[in-house]
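Paired with chain B in one complex and with chain C in the other, chain A is shared by the two complexes that follow.
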Partner chain A sequence: MERQMIWSIVTLGGLGVLFGALLALAARFFAVESDPRVEEIAEVLPGANCGACGYAGCQNFAQAVVEGKAAVDSCIPGGSETAEAIGKILGQDVEGREPVVAAVFCIGDREKASSKFIYFGIEDCRIAEEYGGGFKDCPYGCLGLGSCVAACPFDAMRMGPDGLPEVDRDKCTGCGLCKEACPRGIIRMIPREERGHLVLCNSRDRGRAVSRACQVGCIGCRACVRACPEEAITMEENLAVIDLDRCNDCGECVPKCRPGCIIPRKGPATGVEATETKTISA
Partner chain B sequence: MEKILSMVFIFIFVENFVLQRFFGICPFLGVSRKMETATGMGMAVIFVMAIATLVTWLVQIYILDPFGLQYLQVVTFILIIAGLVQMVETVLRKISPTLYQGLGIFLPLITTNCAVLAVALLAVRQGFNLVESLVFAIAAAVGFTMALLIMAGIRERLELADTPGPMRGSAITLITAGILSLAFMGFKGMLTL
Partner chain C sequence: MAVSIATFKGGVHPEYFKELTASLAVTPVEPPKQVVIPMLQHIGAPCEPLVKPGDRVLVGEKIGESEAFVSAPVHATVSGEITAVAPHAHPSGQMIEAITIESDGEDSWEQPAAVEFDWEKLSPDEIRRRIREAGIVGLGGAAFPAHVKLAPPEDKPIDTVILNGAECEPYLTADHRLMLEQPQQIVTGLLIMLKILGAGRGIIGIEDNKADALRVMRQEIEGRPELKVASLRTCYPQGAEKMLIEVTAGRTVPAGGLPMDVGVVNHNVGTALAIARAVTEGRPLVERVVTVTGGGVARPANLLVRIGTRVGDLLELCGGMKEDTGKLIIGGPMMGLSQPHPDIPVVKGTSGITVLSDEEFELEEATACIKCAKCVDSCPVNLLPLFLAEAAEHGLIERAEKYRAADCIECGCCSYICPARRPLTQWIRLAKAEVLKRRRQR
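The block that comes next holds the complex of A and B.
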């Protein structure tokens, strides 16, 4: 009995000591010299491994920054805070870049925008886009199958009740992965600061084609261009575009827009009904 | 030779570790979301299982058996597997950073993978010799990897399918795993050791 005990203690203890010694030796002889700054930087990064910086993950980005291959402010989700933190570690001064959020430039939901055919396929916009150029009459409008929602690593997007994606301002880091995922380029990154008006339409078609396909599409009538006292609105390929730097939120353009696709970013501040078409949370 | 070949077939298809013996279900469900991670996990398991079985077999035959310490088998094997995985990780990091990056987090995760312990224990219980144990371990690990890859392939497509609300997520995953397991029952009795 005693022999049994001793043997078991010796064996297990011996194996434990052996492995301990081997591990210690391995740690010494196979030690990898790494720059401590890499770990420090990895620490201050958001750690979402979203890939918006162009590297496979936060760890790879940290490595690249230390080696000088990547710019200090390349981490988009981390924004200027992260850039400053990295700059501090590397001893560089950093000018923060303007923080952005994603915005969905289409409000043509199932009722307002007509369809060519009923789509019974894989729930993915990129695939739906391949079948006859998408099932919507409007070749620029949101298909509403949620590829952008699936692409968001921060859980900042969801499909709204009207079948269009919504962006959660607070969660959105502006990484731009949703923008990449959208086959129609409906999602754009806009300054985070909640000011200005937006033309929530993506259609480059001419007026008649737009109004046939969608009740709320920009028909390119230029009424808003004429109405804007700041000359902030220009026409680009039959689509009104508002320069957010110039827009002073006067709201003159909103009642002039017949399809009603100009929406103030911040609530119904202009007294115009921005009601049923959600004041984009973007 | 014939025995070795039949062992390979048996432990990949007939007695598949995941789908027939239900070992390693945790990584099977956990890391089968993407093909990429599934491949990484599979490779790491093949690697660790082969080495772990080799060492545990030697310890069993040359240390535990002569001293009549078979009752310490499980504890010893866990110790060996944990230590070994840790060491492999350290060495790998130095020798092959690429492989280390590829296996990544899966290497330490395997320490607690019951399939690895099962292979080590079964190799001894079945009375395999050293070569047979090694073949057994690699075949079992390949079977595990195969199951993982099949599952990952299915799940990548399921992701895009219009699954009914209540069935989304783990529900449909478990049902898929069940059907997959049923399918592999077709191999039952084809070959026995």
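The block that comes next holds the complex of A and C.
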């Protein structure tokens, strides 16, 4: 009995030692050369695999950065912090990009914007856009079926009660996937810093067509352009556009806007948070 | 005589409802007081208007033309004055530039420019030119310019022309009536096509639920050994290009390929008729047969109407839409496009106007996929609709491409058969559009 036990232990133990030695040798001879920096960089990346950098995922991006194929500051969600961390690993100096956040440039919700017909199709803006050019009278306004919400890998968007998407600026990393998902180009990336006013409308139609389709659409009356002391507002295809670098938040334009689509991001005068800055209470 | 019942793999058997209009002769409709003629009624480049408001035109006068090869000119369909050149609602759902003509009530026609009307004396190039000038496009619904299909590249010889008289779309009977009423013209159109292409064989494919049309067409081709009428099993989508070629000619069009890759050109019977009239009478495409049908109209009918006639006017002519209308569709219920309002013109590709009553139109909530694979069995092009739709739903475009989203013919069999009522075709359409977009970017 004892003999059998000893032999078993010796045999199995011996096999273990033998295989261990073989593995050790294999690891030496068949080793795959890898750059330890790839792992280090992957470590500091957000790890959401959002693809905003143009690579399939964070690991691929890390590999590309080490190989010099991707720029150090290409990780948009990670922002300047990540860029600096990557720069440290690679021994480069990095100037971070200005952090951005997504904003929905439409406030024509179900009540304020009218519809051409009842849409029965599946809940996807890109499909709805194909059928009859979208069910809203306004061909530029938000369809509210949430393709952007579905595209957000950071859980930073959700559909609001009024049928318009809301951005949670704390969670938004500015990756821009929502912007690409929107068939109407309603979402734009704007500086993260809460300054300036926004014209929350996307309609390029002429005034009469706009007011027929939506109560809060920019009718291109130019009242805001005339009111602005800084000359920060220009008209682009019947739509007022505010240059955020020039806007000094004086708020002169807000009372002049008849449809009321100019909203301060966080105006000193009002202190009201604009649509795009709404935070989501859990 | 032995009855061959040819069919393809897959497909579905929806109720056909053709009895509503199948026995009604085509009724010509008076030229309307006003027509709206869109500049885009075909696949390809849109036309540029050749007229401006205030101009007077005759019936058959060319009012829109494009220099692109894949395009077809458009003609005035009433005589009178041009009142507007502006974007107008189009059955595709987009706003498309259109010419509005106010009729003078005289219906005076432009004299055809051609002098020789015996097609056997004309050269193939001259016939092709006349077909293009007449603005003829595929009248089955896709509206692909006819002259383009009839001008294959030299390295792709064509030996077979197939005429599509399957009319597998439920409700519609326009082609059925044409085959009964004008078989001679249809055969002439087919012979003209054989001549242009130098093809030795012509096949007319007809579903076996149209026994009278089969009989009439068989009589018409007697004494012409190069022509054949094929009886096809009644099964949707028997009339889809790839299915029809497989069944009648026994050739499989490769994925991503065209019928000419297997030596075949495929045209609708209505197109053959239009070609015959363009070549032998010099008559441009200004009218077509439209089936107005469905439980939502009081008096369903097959109408011969001028292109540009308002759909709403035709519905009124048929007794108007009933109170309980559930859906207005241009085309048939399987592949047609649902419309928000009837203020749209009949275009070259409008084969039918289907008004479904609330009873016929039911909206059911989609539930979870139970992986029964009925969609796989029904798919005529051997795709896996459930996985494709799943990939599209989750934005996995690469996976959708791997599952061959681009090969979908959008026939709608999968959505029709799905017991969970999942909108599979819609999702696959999205995936297909995204895949094709990516391919163009590459």
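Note that the second predicted complex is superposed on the first by the 237 of 282 C-alpha atoms of A that agree within 3 Å, B and C clash if a C-alpha of one lies under 4 Å from a C-alpha of the other, contacts with A are read in each partner's own complex, and residues count from 1 in each chain.
By our rule, a contact is a pair of C-beta atoms (placed from the backbone, for glycine too) under 8 Å apart; a residue touches a chain by one contact, two chains touch by 3 or more.
On a predicted model such as this, the values are computed, not experimentally measured, just so you know.
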Which partner does A:C218 contact after superposing on A: first (chain B), second (chain C), both, neither? neither
- Message: In the overlaid three-chain picture, which partner chain does A:V32 touch, first (chain B) or second (chain C), both, or neither?
- Response: first
**Request:** Give one of first, second, both or neither to describe whether A:K116 is in contact with chain B, with chain C, with both, or with none.
**Result:** second
- Message: Just checking: does A:A151 make contact with chain B only, chain C only, both, or neither of them? Give me first, second, both or neither.
- Response: second
Counting only touches as set out at the top, which of chain B and chain C does A:A83 meet: first, second, both, neither? neither
*Which superposed partner A:G133 touches (first chain B, second chain C, both, neither)*: second
The answer to whether chain B or chain C touches more of chain A is B
Message = Touch test for A:L12: chain B only (first), chain C only (second), both, or neither?
response = first
Query: Does chain B (first) or chain C (second) touch A:D124, or do both, or does neither?
result: both
Self-check item: Partner chain(s) touched by A:L23 [first = chain B, second = chain C, both, neither]
Solution: first
Chain A residues contacting chain B in one complex and chain C in the other 122, 124, 127, 150
Touching chain C in the complex, chain A uses residues 116-117, 120-122, 124, 126-127, 130-133, 135, 150-151
In the complex, the residues of chain B that touch chain A are 59, 63-64, 67-69, 72, 75-76, 79-80, 83-84, 86-87, 90-91, 93-95, 97, 159-162
Per the touch rule above, chain C residues touching chain A in the complex are 93-95, 337-341, 363, 366, 395, 423, 426-427, 429-430, 433
Residue positions on chain A within touch of chain B in the complex are 4, 7-8, 11-12, 15-16, 19-20, 22-23, 26-27, 30-32, 122-124, 127, 150
